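Next, two complexes with chain A in common: one pairs it with chain B, the other with chain C.
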Partner chain A sequence: MGPLPFALPFAELEVGQHLYWQIGNLKIHGQVFMTSWLLIGALLALVVVGTRKMERDPRGVQNLLEFLWDYIRDLARTQIGEKAYRDWMPFIGTLFLFIFVSNWGGALVPWKLIHLPSGELGAPTADINTTVALALLVSLAYFYAGLSRKGFRYFEYYVYPTPIMLPFKIVEDFTKPLSLSFRLFGNILADELVVAVLVFLVPLILPVPVMFLGLFTSAIQALIFATLAAYYIGEAVEEHH
Partner chain B sequence: MNFPLMFAEGGFGLNFNLFEANVFNLALVIFGLYKFLPPFVGGILERRRATILTDLTDAEERLAKASKALAEAKKDLEQASKKAEQIRKDCKVRAEAIRVESEKRTVEEMARLKQGAASDLNAEAVRVSAQLRREAARLAIEKALASLPGKLDDKAQAKFLNQSIKSLGKA
Partner chain C sequence: MTSFLLFGAGGLFDFDATLPLMAVQVVLLTFILNALFFSPVGRVVEEREGYVNTTRAEAKKQLAEAENLEAKLKEQLKQARMDAQTLIQEAEQDSDNLYREALALATADANATREKSRREIDAQREKALKQLKGDAEKLGDQIVTRLLAAK
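For the complex of A and B:
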């Protein structure tokens, strides 16, 4: 994209700019860390406030948190199965809540009011590094789940139901994190870009429906990521007989 | 990527370009969410809370009912065990009485049997000795009759007669 042939007075658009922090040999994207910490802090604060004074009659935040807990438990139970879901509910719940809060936080907070030396604040999940980290954690989780529950019998899964499946199952181990990370990253970044471009072109009203759509899809993305993670873990701990 | 960057060389700061920060649209979206979400989520949460409260009151009611039933059952149990104890005591007394009674009866019976046996024995002994006496008498008479014809002569008869008369005289 080159510069537009006409100058718009309203908005600027920048892509691929990052606020780099140097740690040892690593260059990390500082803006992602800042928004992640902020959103994680907000989430923790909500949880702490909601569980500080728990009562038998669930009110307000406690009721909301219990509702979320029920929701995550149902999700984990349907995907992982009655036997193992308790071990993995915290993981699935953390994934779901973090991704959901990241997506909505990125879409609803006017981050651009804060100006950085380089890059701009936004949803942490719109950065490929975040989503790859989450997806690799899912990979580790389902390997660990399978190995810890079934020992080396876990690898029976690779030749189930026939040994012909072996190459596909091996390829799956690579495609699972790949598809997880790229799906989430692509959706959230696309949402942000569509909104940014629309704001760039038509600053008022027109982006609003797209923003609502973005909220909807980013909620769905959080659900998809958590569901798939739970499904992979469920697949790994499932007993074949 | 050749967009003009505002503040490209600046440090951290605030950006008061409200159009660029998309503040108006965000305000609209947040307002929409504020209008739409609380009734929706609030309705779900309120229903959830109502269900939980109903469940709790139901459970409490059941608990109260169950504890009442338990108390009643305990009372019944106490009464029943009291009754059982009473019956047991009565039974013991009765058993003791029956035991004593039967003991007494047995002892009496045994005494009676012993006595009967002893009297039977006496009667038999009397009968046997009577028979023996009769037999001895019969034998003696027979012997006497057998030896009588040789011994009985006039002299002896006179002597016997005298003797008899003497003994009559003495009487």
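For the complex of A and C:
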């Protein structure tokens, strides 16, 4: 952004600028890790508080955690199937919780109050590195799930139901992580940009409904990512007869 | 915003070591969450589900038992009622019989006493009549003798 004719404290718009940390000769995006550590810390704190004294009659945070657990179990069970869902539930659940916490943390925490020398704090999922990392993990996960459960019979899936499907199935292996990562990245970044632009143009009241819409999209994106990941794993472990 | 939509440093699609590090971080988080959240909560929830299931099965068994017992007791109660009914009927019959017997006895007794008294009365009356007749004849004789003597 060029210099503005007037200065507003929260209305700076920086896209694609990062706070670089140098590790050896590797560069990483510091702002992504700062926010992700804070949010992971908050998530772990909630989990630790809720599981410290669990009882058969749940109360307080344990209720919330059991609700989340049940929600994730239903998600994993419906997509992966009764046989294999137990092995993959922690992975699906972690994806869901991490993305959800990242999205909502990026939208709800007033990060802009903290000034960095370069770049700005925001949702970790608004960085393409994060979403591609998650999407590649999903790819690895479904390959591993299929190969470990069915061995080389996993590749029958590529010619199922007919060998004509082979090229499409191979292309799918590339489009799956691509669409997963870009869907999440695009939605979260676009949400942040829309809010930032609106705040920049009309600082009062008008951005609030868009912010609520952003919260809604954020939650939906976390659910979509986790559901699709579970669906891909389910597809890989499914038995064809 | 010249760097917008650029690959490479300072761009929107700036891939670097953030990617593998983030992947490692998420995998670590998966293991940590599995240890802290998924397995303990799963254990508690599944324990509770098991508890609820066994308790429900037990309750169902107990309910069936109770219903069985209730039916048995109802049967016994019915039997007892019938027994009591017959007992009452028998007792009523007995008391009726006793009453009739006593009544008959008393009536016979009374009849006998009355008969006896009547006979006694009759006998006394006969006796009295005889005496009266005797007295009257004696008086008549005296009157006749006196009249004859006066002549």
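Simple rule for what comes next: the second predicted complex is superposed on the first by the 231 of 241 C-alpha atoms of A that agree within 3 Å, B and C clash if a C-alpha of one lies under 4 Å from a C-alpha of the other, contacts with A are read in each partner's own complex, and residues count from 1 in each chain.
Convention: contacts are C-beta pairs under 8 Å (C-beta built on N, C-alpha and C of every residue); 3 or more make two chains touch, one makes a residue touch a chain.
Keep in mind that this is a model prediction, so the values were computed, not measured.
Once the two complexes are overlaid on the shared chain, A:127 sits against chain C while remaining clear of chain B.
Applying the stated contact rule after C-alpha superposition, one finds that A:108 touches chain B and leaves chain C untouched.
In the superposed model, A:166 lies in contact with neither chain B nor chain C. When the shared chain is aligned, chain C comes close enough to touch A:69, but chain B does not. In the superposed pair of complexes, A:178 makes contact with neither chain B nor chain C. When both complexes are overlaid on chain A, the residue A:56 reaches chain B and chain C alike.
Residues common to the contacts of chain A with chain B and with chain C across the two structures: 1, 15-17, 56, 58, 66, 70. Only residues 1, 15-18, 20, 23, 26-29, 32-33, 36, 40, 44, 47-48, 51, 54, 56, 58, 62, 65-66, 69-70, 72-73, 89-91, 93-95, 97-98, 124, 127-130, 132-134, 136-137, 189 of chain A touch chain C when the two sit together in their complex. If you check the complex, the residues on chain C that touch chain A are 1, 3-6, 9-23, 25-27, 29-34, 36-42, 44-45, 47-48, 51. Contact residues on chain A toward chain B in their complex (touch as defined above): 1-3, 9-17, 56-59, 63-64, 66-67, 70, 107-110, 112-118, 195-196, 199, 203-205, 207-208, 211-212, 215.
By the touch criterion given at the top, residues 1-17, 19-26, 28-30, 32-33, 41, 44-45, 48-49, 52-53, 56 of chain B touch chain A in their complex.
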